[in-house]
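For clarity, chains are labelled A, B, C and D in written order, and residue numbers in each chain start from 1.
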Amino acid sequence: MWKIADTEVDSRLLIGSALYPSPEIMCEAIQASNSQIVTVSLRRQSFDGADGEQFWQLLKSLKLNILPNTAGCHSAKEAITTAQMARELFGTHWIKLEVIGDDYSLQPDPFALLEASKELIAQGFEVFPYCTDDLVLCEKLMSAGCRILMPWGAPIGTGKGLINPYALRNLRQRLPEATLIVDAGIGAPSHASQAMEMGFDGVLLNTAVAQANDPINMAQAMGLAVNAGRLAYEAGLMPEQDTAQPSTPTLGTPFWHQT
Amino acid sequence: MWKIADTEVDSRLLIGSALYPSPEIMCEAIQASNSQIVTVSLRRQSFDGADGEQFWQLLKSLKLNILPNTAGCHSAKEAITTAQMARELFGTHWIKLEVIGDDYSLQPDPFALLEASKELIAQGFEVFPYCTDDLVLCEKLMSAGCRILMPWGAPIGTGKGLINPYALRNLRQRLPEATLIVDAGIGAPSHASQAMEMGFDGVLLNTAVAQANDPINMAQAMGLAVNAGRLAYEAGLMPEQDTAQPSTPTLGTPFWHQT
Amino acid sequence: MWKIADTEVDSRLLIGSALYPSPEIMCEAIQASNSQIVTVSLRRQSFDGADGEQFWQLLKSLKLNILPNTAGCHSAKEAITTAQMARELFGTHWIKLEVIGDDYSLQPDPFALLEASKELIAQGFEVFPYCTDDLVLCEKLMSAGCRILMPWGAPIGTGKGLINPYALRNLRQRLPEATLIVDAGIGAPSHASQAMEMGFDGVLLNTAVAQANDPINMAQAMGLAVNAGRLAYEAGLMPEQDTAQPSTPTLGTPFWHQT
Amino acid sequence: MWKIADTEVDSRLLIGSALYPSPEIMCEAIQASNSQIVTVSLRRQSFDGADGEQFWQLLKSLKLNILPNTAGCHSAKEAITTAQMARELFGTHWIKLEVIGDDYSLQPDPFALLEASKELIAQGFEVFPYCTDDLVLCEKLMSAGCRILMPWGAPIGTGKGLINPYALRNLRQRLPEATLIVDAGIGAPSHASQAMEMGFDGVLLNTAVAQANDPINMAQAMGLAVNAGRLAYEAGLMPEQDTAQPSTPTLGTPFWHQT
């Protein structure tokens, strides 16, 4: 059991709902992942047409926590408006705040992100900002009232894993009270596990599952890897050694008395 | 289900039996790992004294496949003799062949390894050689009759993970018919998963579990990570991308028709 | 010959003036490095006492371009005041703008940095901002009028080299018109060369030279490495290959007709 | 000044003579590199035809130390014969011993390499074996009488740099008396410098220069980088730090008394 934004969930994997081959495969994949939090992009006319409505009913049938996001927004103002619409449509004050500062890397804009966070927190939102691994930005977001931060592992959809583990380790160490979720860039279970081994509270991913040849099995793999990484973090990882250490007993010494 | 040396097992994790805080914790950890193959070091007088006998009864009670090893041997001759004793004591023709060529890195000696492999195969052993990631050596071991190869990830007990992924990837690609197990150097679940994602058939580890603060949970974590890595390999990992790819839908496009 | 802020210099190495064992060694090291731009920290009372005056006379005797910095400043206001004092004392409108946002990593504060840059540019300064590798921040600094940007390789004094080459490569590619200097984190000539091979316009370093056992030879080494990296960038580096390519001729083929 | 195989040379760069756009460019590049040792592939009929003769005259005109190699040989026997022919043709007992064990990676065959080394040393050759970074193999080559070892950085022609720095660092540390030259895989000056910073005695490269857009400038760059790396090694590189260290003085402290 784990608590995020006052809600208890079992899984530390947060999952996206885009890019799947079909809505049915999406549903099966999300269930296979064991995730209980799914992020959904607000598309303004989504709920007018049949497709949007159908999609929404499907998602609701999974009985998950919905985390609407402001994907595609390029300014604080646009993100704030989108968040307000999301609150009304999805009936939740949770918002995954994305404000894109660059169209090639889809990098968050630290300035607009902080501005929008302040405003949305004032309006009663629980803001989950998608941010870079910049410590100063993260500290300012926390001062603004964010309890949860979602630093990137790598740019969205690249599958590169954790491109700057030094910065991420530093973030975790310096912000022990924040709920830190690595969001974006995860391409393989080993990446997800690595983030969890570093003490991150969770992982959010989408493309690596949705674009796998077999999204359902990949979703399950990601769920297992997040569990594995968390278990290992709690069990205490061995420190890396520079020289070999025999793992086998010396002749005549009872093997469980060795070091 | 998976077949190694004509034996069907469920788990692709092979586990060691050394360095645990106590025999009881060893047993619990091995069970938590779900591994069905345990490697055991032959200590010549092991079975004379009470400790050795008790340890052996404990291991037998787990009803696993025993993979005796020749840890600590420094020459082909010594390894061959040890293998012969192991066959008698453990009642198996399986042997994990270790011939140490350097006491600091515990690196296998490629020359003695090949010599001992040839002799042991002639004597009817199923040889699991602990080897380096040297392709030429691996090909010679296969020509000598080895069906299973156990290249190192990093020196024993270092927990460094896969120090030369380029060489390992090359091995996997060039030797599609070999059963390849990454043995030694695994320090975290992410390392184990990474090996499996690369298409290795299994992982053998010991220190990372035995020396964890909580060996039982670490063993479970490793078991999960091996499963996760294998599932992901079979499900088809996404290729790494150099630029960001939006994982969120564009306005108005049904989200499952996007690329 | 190379132009930075309308000034022609030969060397692409910028060097710091702190942490040397003695002022004499500092002078010899700077000369050995061949650098023509030296960054100097304004210490408010520097020029009151004898030490400060002596140090200043020494630096002047080297006939280099002085780049005063605002090291140690924690707010835009403090940095602006320091820059103004520096202009008066050193007689230059160049300012290396440092605004620390975190005392452990000495990370720049992107918010205060942008604010101070705007103000100083309005006051006629040529601002050299010490910044992170954040593309959005860098673009905003350029929009504010900066022509030169100094992204970090790693935190000051760590000697870790380029901890995020992906971000740096991206910066270089996206900002072809900016003069980009990698500043901080360089610990070895190979790091300096690597930055230059990526197309950066220059490198600024201090600790790796000043704290070497032999600062003078290390300074020379850094100068050579910067030249090597630039030459190689201009000569066109070979693309990395995944499989081996024989560099030796096949029998009977004239060796210069091979590929 | 530096001694290799009893010969004094200035430069620690060894360079290849293959793959250049023309013999003239080869000559200019070698001169620009400042290298005094050039490796030449024996092509059996080389010296029969005009091309071979012309090439040989050109090389001789450079007044360098010629290091003939056995590139393309796949067995000890073939390599030994080639070495004997090289001794006669080039009038030197130096031989760069290459015995390929795999045609895709051009990896040395450790078994044939050791066999051929023993035989050639018995015949009075100074053997420069091109080998992997396998410590046990390297120790056996030294026991066989090799004074110089040439471990690979990466497979020939890949330009990947040092793919296993851990193994190379280990080699250097464990074999302090060997003359160790990193041979193959160097793609950029930063790679060459990195090898020298680790304490290697020299670097041998070919493709990165010969296949550059501008081989002459690239050759010069490589020469500078090798010098830079060696100078830095001798000057004592700073240890890497995990947290930032201010390189700027604190207010009021004479800057050269700080740590």
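Simple rule for what comes next: a contact is a pair of C-beta atoms (placed from the backbone, for glycine too) under 8 Å apart; a residue touches a chain by one contact, two chains touch by 3 or more.
Owing to the predicted nature of the structure, the values given are computational and were not obtained by experimental measurement.
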{"item": "Per Cα centroids, the chain farthest from subunit A", "value": "D"}
{"item": "Fitted rotation between subunit A and its twin subunit B in degrees, CA, nearest 5", "value": "180"}
{"item": "Centre distance in Å when subunit A and subunit B are each reduced to the mean of their C-alpha atoms", "value": "32"}
{"item": "Inter-centroid spacing, subunit C versus subunit B (mean Cα positions, whole Å)", "value": "47"}
{"item": "Cα-centroid distance, subunit B relative to subunit D, in whole angstrom", "value": "35"}
{"item": "Shared-contact residues (touching 2 or more other chains) in subunit A", "value": "104-105, 107, 160"}
{"item": "Arrangement of touching chains [line / ring / star / complete / other]", "value": "ring"}
{"item": "Chains touching one another, given as label pairs in label order", "value": "A-B, A-C, B-D, C-D"}
{"item": "Subunit D partner contacts - residues on subunit C that touch it in the complex", "value": "16-23, 26, 41, 43-45, 51, 55, 69, 71-72, 98, 104-107, 155-160, 184, 187-191, 193-194, 197, 206-208, 210-218, 220-222, 224-225, 227-229, 231-232, 234-252, 254-256, 258-259"}
{"item": "List of subunit A residues in touch with subunit C within their complex", "value": "101-102, 104-105, 107-111, 114, 132, 134-137, 139-140, 154, 160, 163-164, 166-167, 170, 174"}
